[in-house]
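A short write-up of the structure that comes next.
Labels run A, B and C following the written order; every chain starts at residue 1.
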Amino acid sequence: MDAHVNVTAMSEPGPADAPVNRASRGYWANVARRLSRDKTSMVCAAILLLIFLAAILAPWMGLADPYKGSMIRRLRHLGAPGFPLGTDELGRDMIARLIYGGRLSLFIGMSPVVLAFVLGTSLGLVAGYAGGKVNTAIMRTVDVLFAFPSVLLAIAISGVLGAGVLNSIVSLTIVFTPQIARVAESVTTGVRNMDFIHAARASGAGDFTIIRDHVLGNVLGPIFVYATGLISVSMILAAGLSFLGLGVKPPEPEWGLMLNTLRTAIYTNPWVAALPGAMIFMVSICFNLLSDGLRSAMDIRN
Amino acid sequence: MFAYILRRLAYAIPIVLSVALLCFLLVHMTPGDPLVAVLPADASQELAQQLRVAYGFDRPLPVQFGLWLWRVLHGDLGASIATGRPVAAEVAHAVANTVMLAFAAALIGFTLGLALGLIAGYFRGTWVDKLATSVAIAGVSVPHYWLGMVLVIIFSVELNWLPAVGAGAGGSGQWAWDWAHVRYLILPAVTTSVIPMGIITRNVRALTGDILSQDFVEALYAKGMRQSQVFRHVVKNAAPTALAVMGLQLGYMLGGSILIETVFSWPGSGLLLNSAIFQRDLPLLQGTILVLAIFFVALNLMVDVAQALIDPRIRRA
Amino acid sequence: MDRNAASLPQLEDLGGAAQPLLRVEHLTKHFPVAGGLLAKRRTVRAVDDVTFAVGKGETLGIVGESGCGKSTTARVLMQLAPPDSGEILFDGMLVGGRDMSIAEFRRGVQMVFQDSYASLNPRLTVEQSITFGLKAQGISGAAARKVARDLLSKVGLRPEIFAERYPHEISGGQRQRVNIARALALSPRLVILDEAVSALDKSVEAQVLNLLVDLKTEFGLTYLFISHDLNVVRYMSDRVMVMYLGEVVEYGPVESLWARAAHPYTRALLSAMPSIDPDRRTQTAPLAGDPPNPIDPPSGCRFHPRCPHAEPVCAQTKPPLFAVEDEAHRAACLMIVPGSGHSASARLPSAMRDA
């Protein structure tokens, strides 16, 4: 995993003689402006937005019932009349199932990262800010979870907890929390030793106020970029759990599960069977490119 | 150097113990009775009790852990509930197949990744760089189990060149390095190689770029070194980090093979894990995860030591 | 002062002019160094049994090479790191005891750091950085902003231009002015300036030094001025304290110290001082070698391995801080201690030997 986080960027010396008449811009306004100039990122953001909107608005789009099958129209090919993307092994419309499938797929793919972001940031922040024994206790525990390859850990926990949406979210959250905690700890430790934190402590402010006003603003950015990079992995793993039968249960439409049930059809209707995976691929690549774009937009040195 | 190895080993011991504890607890976190899988539906209370005693499920947890750890240290991972065979033997056999698959995939993925990464790093900003970067991003973004299916569709269903599943005639029991067997290895190995290929390309590209932008490279050119000689310096400087990335990737391939082995019915540790989960064969599940995790820890240890051997700065850190 | 109407009042003067504002007694700070698996634990003696006082309205300069413990002294004083032992008395009150809590003490003492960029939060505007401490002390947002803008003018930055700027948008000298304004916002009585001008260009440095002199009079401040630059220290200070490897080796009024430096280390520092005057070019050899590691410092006088006058006794006996000519100027060198066993002490004038 690429845990390259930039703390040093903050200590770059400023211009020797700064211009005085330009309006000041906050850091995030700058980042947003730089990101909006990156064509690749904007295309990816547009594709993701489209998939999100379609998933949310699915019931009002006049689609076929994603649950209703028919024995007589099973496994129609691509471009079949009335079914442009064919039908699945139970005769259900693939377009409807792919669009509805986005709901669960995106939910189980993204929520572990959101949860791990909250948990991992809290853990890393406490470890990095408190230092000493607290740091050792938290980071050693994190190290133990790092001793497992992430796929193995996810499957071990899911395998023990059993199939289900909630269980797969829990297991992936456990996988990603240590990774985010490590990044959060290293960034926080870097910021914590800077003089503006010392100055804040010298002004008599409490730890809570210092963390809120001085630490968070400087650590959330790098942690956030790292977390966005995990969404793609999480999407692939979440769908992978369903693909193995450890996630979403039938008949719910979900890309990984659809891929699993359609595997039986790869000899009769191969390209329709591959469609759900193409959706996962598209979402995952867009998140990766967007995350890369965000990373370079935040690297103000360029 | 010796002190460094000792220190690194001392650090690994608590990790290995915690990993063992976690694997042990895994079974006890399980909702429901682990005996359900073996008991006939109409089993009597007495029979259930007898089995519980036989498996040691009636003792207090710390005692169970101590006994279990003692047996594990002696190479006894218990017996599979489903088949009754010793878990250690089953796991050893399956892990051998996974190692074979991982090494084949490493051969493909590492070679391609190093080559693409070096080329992209050297020719930053050119079309070659863009191509290599795109291949890499596709590699890290692709759901590999789906890629496996697509490869099967192309090379088995449409072209009928390569077999879709299995490990050849006689299963993995009669593996041989001839075309009749190796053709079974090609698709799973290519599929497995894609993620490490992408990650190594990205890392090596970044490394090469960083090294080339450092002052010492300019100094090398300034004193009249030729391109090829400078290249040797770049490789030498990139080696420790690249090695660490490759070691980690090898570990991920060994531990994360379940999805691909399921797609291709490759008789390795992943497929074993899959059947253990679905038959609720907890001793088998526990044993497989433990062995894979220890493998991963050991691999990390070896990578650290190898890195320290190449790069003296790491030893002192 | 009128600005205090809306902001914090300066802490009250209790002991009168004769009472030192700050007394530091036997301050000690050691850092453990993580040893290897088989190595024994070692400690860095960053500050070792340091005692000194700063009078009201005075500027005490602290000089020494990097690693001599001057910055650690400042950080321990600011309570940024807890001391291992020793007492700090502020205007006669024991800090951290019943007399004065650490929170109260922080109201009375502020600090300006060397790195002007690292000491400002890059995500906050200049004004937000200055108001932070005031708000933490319970001042309302509007009042705090008024104080911040007043202070910006006082440090020579037009508030309408600089208040909304981010640290990366202004120059190093301007940033250091902001840091000074931030330190003054809490109306401290003592300001610790830790290499506060060392990172600035020479021309900017002079401007900031003059600003510091002006502010001192205007706000009735006392300075602890830490620097490695002896020219600057001489310009700013009333008295100077010289530190070497965590210990005080000499202190005294600035003129007395420059004229009659008694410790060989102080003399070496002074002779190594660059001078523009060609007639005053360095004649004696500057210090040889690097300062020894503060882990396991030398026995006896810590300077003896580098001292041109070292004798065997220096490695055995730790010299006390002994009066050079009057009580105000003291140095820790066996050469000035009568009967110390150092050959130079035998040549001391008899009047001093009887003392």
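Assume a contact is a pair of C-beta atoms (placed from the backbone, for glycine too) under 8 Å apart; a residue touches a chain by one contact, two chains touch by 3 or more.
None of the values given here were measured: they were computed from a predicted structure.
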Note = The chain whose mean C-alpha position lies nearest the overall protein Cα centroid is chain A
Request  = Look at all chain centres (mean of CA atoms) and spot the one farthest from the centre of chain C.
outcome  = B
Task = Mind checking the centre-to-centre distance between chain B and chain C? Centres are C-alpha means, answer in whole Å.
result = 56
Ask   = Where the CA atoms of chain A average out and where those of chain C average out, how many Å apart are those spots?
value = 50
Query = Per the centroid of Cα atoms for each chain, what is the distance between chain A and chain B, given in Å?
reply = 23
Ask   = chain B touches which residues of chain A in the complex?
value = 2, 4, 140, 143-144, 147-152, 155-157, 159-162, 232, 236, 239-240, 243-246, 259, 263, 266-267, 270-271, 273-274, 276-278, 280-281, 284-285, 287-289, 292
Query = Which part of chain A faces chain C closely enough to touch in the complex?
reply = 10-18, 20, 22, 24, 26-27, 194-196, 198-206, 209, 213-214, 217-218
Message = So in the complex, the part of chain C that touches chain A is made up of which residues?
response = 75, 78-80, 103, 106-107, 109-111, 113-115, 117-125, 129, 132-133, 136-137, 161, 164-172, 174-175, 179, 182-183, 186
Query = Which residues of chain B touch chain A in the complex?
reply = 14-16, 18-19, 22, 26-27, 29-31, 137-138, 140-147, 149-150, 152-153, 157-158, 199, 202-203, 206, 251-252, 254-256, 258-259, 262-263, 273-274, 276-278, 285, 289, 292-293, 296-297, 300
